[in-house]
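Shared between the two complexes below is chain A, which pairs with chain B and chain C, respectively.
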Partner chain A sequence: MLTAAKNQLRVCFLSIKYNIMREMVNKVTFLTNVVFMVLNDASILVQWFILFRLRDDVGGYSLREVLMLWGLVAASFGLSNILFARVLSLPDLIINGKLDAFLVQPKKVLLGVLTSETRISAIGDLLYGVILVCLCKPGVGGFFLFLLFVIMGALAFTAFALLLGSLSFWFVRMDILQNQMLMGMINFGTYPDGIFQGDARVLLYLLMPVGMALWQPAHVMACFDGKMFLAVLGYVLLLSVAAVAVFYRGLRRYASGNLMEARL
Partner chain B sequence: MQAIKVENLSKTFRVKRKEKGMRGSVKAIFHPQTEEIRAVNGISFSVKEGEMLAFIGPNGAGKSTTIKMLTGILYPDGGRVEVLGIDPTKKRKQLAYRIGTVFGQKEQLWTHLTPYDNFRFFGAIYDLSEQETEERIVELAERFELSGFIDTPVRNLSLGQRIRCEIVASLLHKPKVLFLDEPTIGLDPVVKENVRELIRQMNREEQTTIFLTSHDVGDIEKLCQRIIIVNDGQIVLDDSVDHLKHHYLEKKDISLEDIIVEIYKAQGEG
Partner chain C sequence: MNRCNRKVAGTLPYRYGFGGRHKPWRKYTVIYKSVLLENLQYVANVALGFFSYFVFIYIYNRLWGYMYRSPEELIAGYTKEQMIWYVMMTEMLYFGANANVVAGEVARDIRGGNIAYLMNKPYHYTLYILARYTGEWSVRLPMYAVFAVLIGTALVGPLPHFQWITVPLMALCAVLGITINAVFKLCISLFSFWIEDTTPFQWIYNKLILVVGILFPVEIFPEILQPLLKLTPIYTVCYGPAKLIVDFSPEKCVEILAAQAVYLAVGSGLMLLIYRKGVKRLYVNGG
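Here is the complex of A and B:
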């Protein structure tokens, strides 16, 4: 059991290593992808600096808290796209019968699929998030808490994308819904939760994992709350288990296909 | 002993249907219509260990669907499958350690990596130690004559070199059964002959059971002892290649290709 898990991890790490090796073949593209993603993320912060010159708080957040929230969202999204970027192509893999190569391997299909692509620009997102949080001087404990929440956030992003992508086993063009919901998760997640009230707030806790995977962790980083920490952990685990269950349930309906294809 | 045992295997796909034009598209939103297509319809057969079997049929006959159910890619709707005594629907991973697959139309190798790096990755997938992987790469690279391009990225290889690498990748873990789905598609006659010789050699030396689907009669004639022809998801002929040739050639002077075309046509008319 332990050996099987060790071997599975070895394959996952090798897969990610080879993904990164592929991107590093072209040094200039690799570096510009990373650097420009950092700059691109940083440019969006200008509006917040202007806003906080006019007001002391927005939706109950200070500038420091907004920066921490941004750091958390960027780093979580980045980590998810470094380790599990293929989740974003899942609808294409399902609809066009491209899961075959993973299904004939003696390893977990889902882990094989998820780790088979790395988005290099995501390294820029992760770096940006870490730099931003370091600038907020969270202290050693605060930084470790941030790292924990980044891992949970990455899992939540991946699980949410997996859940939506797996619906492709039943419905076509779920890539559109998956893309819109993930964009929504990032967009809403980078605003202070205090500005959303009533139904909108309920939806952002129930329909998208924004509330529990991003806002609450930001609150816990600002003021530690053990119960909320455990609640976030439980929520992410539940979301992940549900997403994995939907994927494997759907896999039974997988119809493969006869398109000519190459594993790129 | 039987390497593959199939009983009443069936698979149905549900396919969407829509009337022509924009009107049909709008109508399909409110009244979606689907049609059931029986890709495999209650087939039964078995394959002995070490046997080389050609599983052929016209396009859409159900060959690939069957091979995909045997390898655990697709779930059957009905019937039973056992490959090396393992049910692919229940123990897909366990089975994957003991079988190899080559899909001529679908690349399993990572095109940006060299064949060597690919083999190392496949070694890890099959839980081989670094030493075991190295030894097996050396052995197979020599047998399949890969030394000239083993360090060239797969995307820069010719089709023939790539197919040889695909076969090597599928053999690293010494599978007992090898599923070959059109392995010689698009290859020139010389490369085809090389690939066939390598498959023959592997069957001879490692007693690997070969389950082959191909539209190339040369593959069947030069590799297989037995032939199963499927059409419309059903087995229409299960015979030895020698007997088939003998039976038909007694009547008229035709090639195996003509015989197969005649059988396809007879089934189509029937």
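Here is the complex of A and C:
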């Protein structure tokens, strides 16, 4: 069983590697995508410099804490889109019968689907997140904690996208819902939780994984709390298990299309 | 591979729409109408986009609610209500007249070779794209405008000192701003004739418009930067129309309309020039 898992991971790793190598055929485009994504992400810093000129804190966050939050969100989103970018087009695969090509392959369907695409610009997001957090000087321990939270954030982001995308097995137009909810998660996640109060705050913990996957990790990075760290870990594992279960439950309903497609 | 014939590449006067004997712009009106009718079939899809718009507005409502210490406080000369309405209006223009689809379409046409078919039609390709784009936002923008007014009134109350009589001027300013934005985005996409992927340049342009024009009015930036920002497209694309809506003054209106006229003329000239230079470089694969 261990060998099977090892082989599975090796196949996934090779899939991602070849995705990146394919994109690197045109080196100028590859580099432009990465560098300009870093610049694109960095340009939003202007907003925070403006806001911190007006007040010393925004939603109870200092500038350093906001930058750490941004670094965490950008790196999590980036890692998710490097490893599992196909999750964003899952509704299209399901609705148009494009899953057939993955079903006949001798590897786990879900992992095969998720790792079949890499967004090169996401490397820029990941780089930006790491650079931003390094500029905040979190220390060696803090940096490793950040890396752990980036992995958890990427898993939470992917799981949430998978959960919403898998609803396409039952309903149509889930691509729009998936896109809007993920954008909502990023938009809410990049602002301090202190500005949201009342019911909205509750919804952002229950309806979207913003609170547990992004805000709480940012709090733990600012002031370590072992119990909260374990709570975040448990939450991400639970969300991932639920997403995988919904996908395989939905896969039983999948009706094959008559689309002829080859994956080389 | 054949090098395109220069004459076919779009230098004939009729291709600009000026060569017809009667009503030279009629063909673009027909394109506009056909896209408008097509988009009217998908109003439900447009309404689905309201969620993202609402998320943005909700966040900025909370953010500015936090930044203003008291209801009477002024930041850069704006009250809290004016500041939130400013963001709502710029976001309305951004969502309602999203030019990303059009810019992406142009880049795909050039990279994929579809341009070879489109440029031989009896219209100028860039004007055809602009006519299509206008047909698209003519459906989306009014829907977003109604939604913006509804949630704006619900969240922060009616806009203070709003005069309905000035609406036609505001609408003209908004239409010019949208068109200028589309022209500049088209210019960037037309660089696909030289480089394979222009998307990264679109990101930077979009982010500049977003951060400097959509989220904040020009007055909030340091005074030393303000004259510089007024020289950029941001002033005519988002600041101008939104400023007139939240704080109308005849002098400001004349200033913004004049700046828009200059920007539209320069941008259009640039767009036609880039297209003309670009198609000369076009290689068409057979098949």
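Convention: the second predicted complex is superposed on the first by the 259 of 264 C-alpha atoms of A that agree within 3 Å, B and C clash if a C-alpha of one lies under 4 Å from a C-alpha of the other, contacts with A are read in each partner's own complex, and residues count from 1 in each chain.
Here is the rule we go by: a contact is a pair of C-beta atoms (placed from the backbone, for glycine too) under 8 Å apart; a residue touches a chain by one contact, two chains touch by 3 or more.
Here the structure is a predicted model, which is why all the values come from computation and not from measurement.
Look at A:R252: by the touch rule set out above, it reaches chain B but stays clear of chain C.
With both structures placed on the common chain, the touch criterion links A:F196 to chain C but leaves chain B unconnected. Contacts of A:L103 after superposition on the shared chain: chain B is touched, whereas chain C is not. By the touch criterion defined above, A:V46 reaches chain C but does not reach chain B. Within the superposed three-chain model, A:Y18 lies in touch with chain B and out of touch with chain C [touch as defined at top]. In the superposition on chain A, contact of A:N7 is made with chain B only, not with chain C.
Contacts of A:V28 after superposition on the shared chain: chain C is touched, whereas chain B is not. Only residues 45, 48-49, 51-52, 55-56, 58-59, 62-63, 65-67, 75, 195-197, 199-201, 203-204, 207-208, 211-212, 215-216, 220-221 of chain C touch chain A when the two sit together in their complex. Partner chain C is touched in their complex by these residues of chain A: 26, 28-29, 32-33, 35-37, 39-40, 43-44, 46-47, 50-51, 54-55, 58-59, 121, 173, 176, 180, 183-184, 187-188, 191, 194-197, 200.
The part of chain A that touches chain B in the complex is made up of residues 7, 10-11, 14-15, 18, 21-22, 25, 99-101, 103-108, 252, 254-256, 258-264.
Residues 13, 64-65, 68, 71-75, 92-97, 99, 101, 103, 105-113, 117, 120-121, 124-127 of chain B are the ones that touch chain A when the two sit in their complex.
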